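A single structure is presented below for examination.
A, B, C, D, E and F are the chain letters, set down in written order, and residue numbers restart from 1 in every chain.
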Amino acid sequence: MGLTHFDEKGNAVMVDVTDKAITEREAVAGGRIRVNRKVYEAVENGTAKKGDVFGVARVAGIMAVKQTANLIPLCHVLPITKVGIEFFMYPESLEIEAVCTVKVTGKTGVEMEALTGVSTALLTVYDMCKAMDKGMTIRDIRLVRKSGGKSGNYERQL
Amino acid sequence: MGLTHFDEKGNAVMVDVTDKAITEREAVAGGRIRVNRKVYEAVENGTAKKGDVFGVARVAGIMAVKQTANLIPLCHVLPITKVGIEFFMYPESLEIEAVCTVKVTGKTGVEMEALTGVSTALLTVYDMCKAMDKGMTIRDIRLVRKSGGKSGNYERQL
Amino acid sequence: MGLTHFDEKGNAVMVDVTDKAITEREAVAGGRIRVNRKVYEAVENGTAKKGDVFGVARVAGIMAVKQTANLIPLCHVLPITKVGIEFFMYPESLEIEAVCTVKVTGKTGVEMEALTGVSTALLTVYDMCKAMDKGMTIRDIRLVRKSGGKSGNYERQL
Amino acid sequence: MGLTHFDEKGNAVMVDVTDKAITEREAVAGGRIRVNRKVYEAVENGTAKKGDVFGVARVAGIMAVKQTANLIPLCHVLPITKVGIEFFMYPESLEIEAVCTVKVTGKTGVEMEALTGVSTALLTVYDMCKAMDKGMTIRDIRLVRKSGGKSGNYERQL
Amino acid sequence: MGLTHFDEKGNAVMVDVTDKAITEREAVAGGRIRVNRKVYEAVENGTAKKGDVFGVARVAGIMAVKQTANLIPLCHVLPITKVGIEFFMYPESLEIEAVCTVKVTGKTGVEMEALTGVSTALLTVYDMCKAMDKGMTIRDIRLVRKSGGKSGNYERQL
Amino acid sequence: MGLTHFDEKGNAVMVDVTDKAITEREAVAGGRIRVNRKVYEAVENGTAKKGDVFGVARVAGIMAVKQTANLIPLCHVLPITKVGIEFFMYPESLEIEAVCTVKVTGKTGVEMEALTGVSTALLTVYDMCKAMDKGMTIRDIRLVRKSGGKSGNYERQL
């Protein structure tokens, strides 16, 4: 199987999914941002008290999931049925992880939606903390798990 | 300096930049996607012959730069004056790097725009290759360089 | 029943509707704007002759209905099957009423779509008349009626 | 002064502001939503503990401010320099008030932006609470204050 | 049959399609841009070597297809299942033709989507070549073929 | 002068306009749609009485002008200062003409904005009349006049 998003002439196409079955599908994606200690503590304190970075980043990620087909040129528009985003903090590595779960009853999967949600949530964390640390790095944005659809289930070995 | 995107009550705000000077600013961001050998070769061959993954991903990234303020909740809308995106291929590590350069004559910097451009370009590469490899990982999205504005120049030690 | 748009940890989520049935649903929302006499007469004359405020406001409202899921963070994207907006004028109270009817064959209701349509239509009236009256007030935006879906029918006592 | 958003033939136009001076402008708009006691208490408790309705509604309102020119047909696109949204709770009347402040350095005022921010923030509160109360009413969306620009300052008598 | 997009009072409406059957539908639209010889040769050479005008224009057209309901006020939002855009060059007439094919499984047809895709693709060609020729003309944007839906098949006599 | 929207490697770029002067610029574009007699008369009667096709199409065109940079990948975002759209009817040729005038005080011209406004206005006419005539053709979308900017004035010989 080669690059599916091109026709036989090499032109980009939005792949024809007319004949695919409508099934229930789910995808989970994750990613991390590494920050310095000052940022890590500010985020931790803000979430507990005031200045809820994750609250803003979660809304940004959820809204971005709904914009996926307007950002990724060859993605299909999908009637998303669920979006959730969770954050986890790792004090040893000074990393913050975002995990985005998306569900749909549709003709194609929601991997790109979950990845876009993670990516936008982490970029929003970056934005809100960039005055304190310009060296933050977003890393390991990846598909964690998917189910449903013809290509079957996938679970990443960690 | 703490989290600048919250007011004294802890509420998220779009920071007041009314009194900031309009200056020429530039930001460069980079990021990589690690793929398997099959994808690496398909992308390499497609770019040379037919099936230009980078052509599509570049347009996606440029358009996303212009959508930054609609994706990142507290970003200001900026009259971008230049966007360019380049791709580099690393055969040893099977990585593809995207580098996005953004310029503006405005009151705030364009770091988030450059990071959003890189992120969307790499997600588009992911989308177009995901039928061949579900284990691709996007990594090391980071600010490479910025100039202009009150906080001065920044260049990342690599 | 508490706040349904948060998970057990208190995080905002787009509620999972995967298992809900696809049914025909309708919602009607209304709202009013109170204007001064000069505006009232200008709108009345314009509609009859030239300067059709309602024509512009109706288009704005219809287009906003389709943008609801991009404005209201936790709303689902829905394949709207009908939108109509009507205006009524009340000379005694100098009020203009907008009523928006939305239909869908989908998994969730269209209350938010109807309310967003009314709200945007009235904001557009405000915009077009604000040079004549800065004291206009938008009031009583409310759900008038809904049908379909598990929560059944609703009709507001007026 | 009649309806300024139509030309002499009665056609809607985006008014020519080419020759207007770029000045610093500010607008403050407010509005309220009346809820039942159950919703009032859920919102109050959620904000204090978990389930932060205002956190989500504030982000929605800020993002909507940036979309104003895409919602209100004849509005100009403006380089907004500040957006803030605050909420106030009135236990006697079971009302929640949203107040949105917008600033710009531009050729036209930001009244519509502030009103759109308030309106979207209140619609988001409605969305998040509608499972508990379908009878909520949004009321008294109005310009509270504006400054800057040729038409001078305005402050509403309350 | 008169103008279907107005109700009996003459108000614009998004037509009620609630009761229409979900069927497989396809539409093909075409259009041309006439350019001068210099542009024609630059596009031809660029496509073969470097500077792929059609690559950019194709992505623009595909993305515009997904935006149709946000551009054309009374269009329904549709879950597009396929989009493809092809370009043809006519050296005698110095014309470039764009042909856009759209498929959907839905309640209304995709004529407007195909026409919007063609139109945006040709505007993008214009944009990329306008420094060389301001006299380019876009012409003959038309429906070429449609199938599916109650109104049956259509094929244009050329 | 070759294709300005590619860099020396042949990659599409949003051209750097950082150093261009901010000047007052205007562009006028026109285009026509040819319809059958039944449509022509329905549009003519609707405009005069009820069913105002041009009212809807004008709003669509004005809103599309503001979306130009989101449709045409390499266009700059511009702070448009004026948009107007007029329609003219030609009974002999059964053609309807749309003319869009756009002004800006900015670093690049507004040709693409004017062309996008015309194109979207005509597509909207098509949409509202397509139940009566599938053979309508949009033709002769072209720049009529531009002024301001380094490349100077342009006026098309008709």
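We take it that a residue touches a chain if its C-beta (ideal position, glycine included) is under 8 Å from a C-beta of that chain, and two chains touch if they have at least 3 such contacts.
Nothing here was measured: the structure is a model prediction, and the numbers come from that model.
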Most remote chain, CA-based centroid, reference being chain C: B
Chain pair equivalent in interface to A-C, over half of contacts matched, among D-F, B-E or C-D: D-F
Farthest chain relative to chain D (centres taken as mean CA coordinates): E
Intercentroid distance (Cα basis), chain F paired with chain B, Å: 31
Distance between the centres, which are taken as Cα means, of chain E and chain D, whole angstrom: 37
Two or more partner chains touched - positions in chain C: 9, 11-12, 52, 55-56, 59-60, 63, 67, 70, 73-74, 77, 79
Touching pairs - complete list by chain label: A-B, A-C, A-D, A-E, B-D, B-E, B-F, C-D, C-E, C-F, D-F, E-F
Chain B-facing residues of chain D, complex: 24, 54-55, 58-59, 62-63, 65-67, 77, 79-86, 103-105
In the complex with chain B, residue positions of chain A that touch it: 1-6, 9-10, 12, 31, 42-43, 46, 49-53, 55-56, 59-60, 63-64, 67, 70-75, 111-112, 115-116, 119-120, 123-124, 126-132, 134-143, 146, 151, 154, 156
Touching residues on chain E, where the partner in the complex is chain B: 52, 55-56, 59-60, 63
Chain A-facing residues of chain C, complex: 7, 9, 11-18, 69-70, 73-74, 76-79, 106-107
